[in-house]
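Each in structure tokens, the structures are laid out below.
Look for chain A in each of the two complexes below; its partner is chain B in the first and chain C in the second.
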Partner chain A sequence: MDSALPTALRALGLGLSNLGVGEAFMLLVGCLLLYLGIRHRFEPLLLLPIGFGALLVNIPMAGLMEEDGVLRYFYETGILTEIFPILIFIGIGAMIDFQPLLENPKIILLGAAGQCGIFLTLLLALALGFTQLEAVAIGIIGACDGPTAIYVTSKYAPHLLAAVSVAAYSYMSLVPLLQPGIMRLLTTSKERKIVMGAVRRPISRTTKIVFPIAVTLTASLIAPMGTPLIGMVMLGNLMKESGVVERLKNSSENEITNIVTLLLGLSIGATMQAKNFLRWETLMILCLGLIAIILDTAAGVLLGKLMSFLSRGKINPLIGAAGISAFPMSARVVQMEGQRYNRKSHLLMHAMSANVGGQIGSIIAAAIMLSLIQGLGT
Partner chain B sequence: MDDWTFGWTLALFGMGGTLLMLWIFSVLIILLRKIFPVKTEIKSEAKK
Partner chain C sequence: MATSVTAPMVGKILKLEKQVGDTVQEDEVVLVMEAMKMEIFVSAPVSGTIKNILVEPGQSVQADDLLAEIE
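And then the complex of A and B:
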């Protein structure tokens, strides 16, 4: 009993006595993510659980990511099996409104340009010495779409999941800071002042119901590896538009999405252990992610300029910046930039069309990439 | 397959494929709007 007491007391301070520099640094990173989420409201739904997960997993001897650890269980059940991002897609589908796109379908092409960063960053990552599948996971940050990035990364490079997810979600929340400069750099004052006419075209209910079914069949038959992604988004949207399964639609956009977002965030935070996260590759991935989103925006604006030229000045090239998947942030940025140069310019609905195109575009880009990789046998 | 062949194949076919697929979707939307116009729906609801 005499010797047991000091031993038991020593066990109380095991966390502190085993705290290394790496763990201490990661605790600060976790606190920084919490600060950004709570104080600045940068993607708080994700950054709060990610930040807290990073705190929990870097406490020495707590063992949350060890064999029987609770966070390891979440990670293996939801991330490695790809279940969490897939469930999130159903919720996204239930929330997405294709109306602006159905009214103005030609704008969808801007959603393709907004994916350019994925492929250019993939080439950059290869040039920097990343393996082929790692480069794919890094490039997908350019999709500007958290669940897509997580789905692809957990499939091909799960060891990069923490860096890729943190980059994807952080840059998505930084869109209002990143995009305006690029938009101004690539457009003339005259182009920024272009007023686009309102597109108000009634869309039948049948069109809205058939659209998700037609898209699923078309996309899945061409790029079958992407069926889980596109299929789940369109299932969510069909539940919304059909109007006959209100309970399922409500559960998808509320309960399921909320529960999965919490577990997904915690699981990603749990991958941020000092020994895995504090590497040069993480810094390189964060830089490459930033480049990807800059390239996406630039490509969107440049295609917008081309469309403006071909339409003889009827399209404001600024809406090209909304061709990324960050919804509805980038559409709002476009509206604000348009208003800054011309008070009569109301670009929001056009930018929303491009933004919805970007959401579909990011999923399609991932689907095509997954099918190509399978075809190449990598 | 070497890194550059892999990268360029994915970049060219990936970007081209995304553009083509979204163009197909835009054509699909135009077709759906023509096949299922709003007027027909209003008429059928009025009959009911």
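And then the complex of A and C:
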């Protein structure tokens, strides 16, 4: 009885006495993510739950990611099964407006160019010794589209999920810092000043309804492995455009997306345990992700230059930078850069077309990669 | 001969920076619009005097709608 009390008291400090350097470092990383989300509003909807999840799993002896740990349940039922990202895609579909793209269909080419970084980074990752499946997951950071990156990674390289999603979401918020320099470097002052007229072409309701169905059928028949992704986005979009299931559309874009975003963020944070995250691979993935986004921007702007040349100076190549799918950040960056060089230039809506093209582009790029992997039999 | 100031894109008028009778320089902001949750600064295509303003804050406009005239 005499010795029971001190032993019991010692148990109270167990967390502190088991805190290693790695865990302590990851607690700081968690705090950094919280700081970026709260103070700088970098994707707060994700960085806040991710950051807090990272805090929780790095507390020694708490066991949230051990067998029977509560976050482990979230992770296994939501991420390993791909249910969370899939549900998010329905919400994205319900929010996305394809109007700018339908008004100006040739701009979708810029959305395709904005995906070049994915494939180039994939090759780079292979050269650095990552396995095929890992390289695919790393390349997909270049899609600049969080849910797509999470979906592909959870399917093929779940052990890299934390690094890939942290890279995808932090670079998405850094787009306004990363892109302008590349845009300036690759264009001439004359090109940057090109004024594009206002976009105005009425799109019929029928077109908007047929579009998601047609894209689903064509894209899925070409790259069947991407059907869950494309199918869910287009289902959400069809619910929005048809106008007949307002209740389902509202739940998809609000309640379902909000609940899943919370659980998804928390589960990703939960994968950031010191023993999994503090590796050289993580650092390499962060670097490769950065390269992917720089290459995407460069490819988009270069195709923009070509289109500008072919259209005899009617297209401002700056809008090519919006071909990555960071929506709507990169379209805003293009508008601001255009204004900086010519007060009469308003590129926002043209950039939005490229941006929406980029969103479709990244999903299709992911679908193609998934189908190729299946074809390789790995 | 009056020069038209037109809406560069679909959106909403946020605030007027100039009033009828004000003089403006080329590229000076005449009014601010909102589109895609972003402030869009609509500037004067030429220098002159504002002859007419046809919109007020809160009003929705389509691309190419006439917003103001400068003489």
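Here is the rule we go by: the second predicted complex is superposed on the first by the 378 of 378 C-alpha atoms of A that agree within 3 Å, B and C clash if a C-alpha of one lies under 4 Å from a C-alpha of the other, contacts with A are read in each partner's own complex, and residues count from 1 in each chain.
As a working rule, a contact is a pair of C-beta atoms (placed from the backbone, for glycine too) under 8 Å apart; a residue touches a chain by one contact, two chains touch by 3 or more.
Bear in mind that the values here come from a model prediction, so they are computed numbers and not experimental data.
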### Query
Is A:I360 contacted by the first partner chain B, the second partner chain C, both or neither?
first
### Message
A:G78 in the overlay: touching chain B, chain C, both, or neither? Say first, second, both or neither.
### Response
neither
### Task
Quick one: classify A:M352 as touching chain B (first), chain C (second), both or neither.
second
### Message
Between chain B and chain C, whom does A:L120 touch in the aligned arrangement: first, second, both, or neither?
### Response
first
### Query
Between chain B (first) and chain C (second), which, if any, makes contact with A:V199: first, second, both or neither?
second
### Task
Could you tell me if A:R343 is touching chain B, chain C, both of them or neither one (first, second, both, neither)?
second
### Query
More residues of chain A in touch with chain C or with chain B?
B
### Task
Check the residue A:Q335 against both partner chains and state whether it touches chain B (first), chain C (second), both, or neither.
second
### Task
Go through chain A and flag every residue that touches chain B in one model and chain C in the other.
none
### Query
Mind pulling up the chain A residues that touch chain C in the complex?
198-200, 328, 331-332, 335, 339, 343-344, 346, 348-349, 352
### Query
In their complex, what parts of chain A are in touch with chain B?
101-102, 105-106, 108-109, 111-113, 115-116, 118-120, 122-123, 126, 132, 135-136, 201-207, 210-211, 214-215, 218-219, 222-223, 357, 360-361, 364-365, 368-369, 372-373, 376, 378
## Note on the structure
The answer for chain C against chain A in the complex is residues 6-10, 27, 35-38, 40-41, 43, 45, 62-64
## Note on the structure
In their shared complex, chain A is touched by residues of chain B numbered 1, 3-4, 6-11, 13-15, 17-19, 21-30, 32-33, 36-38, 40-41
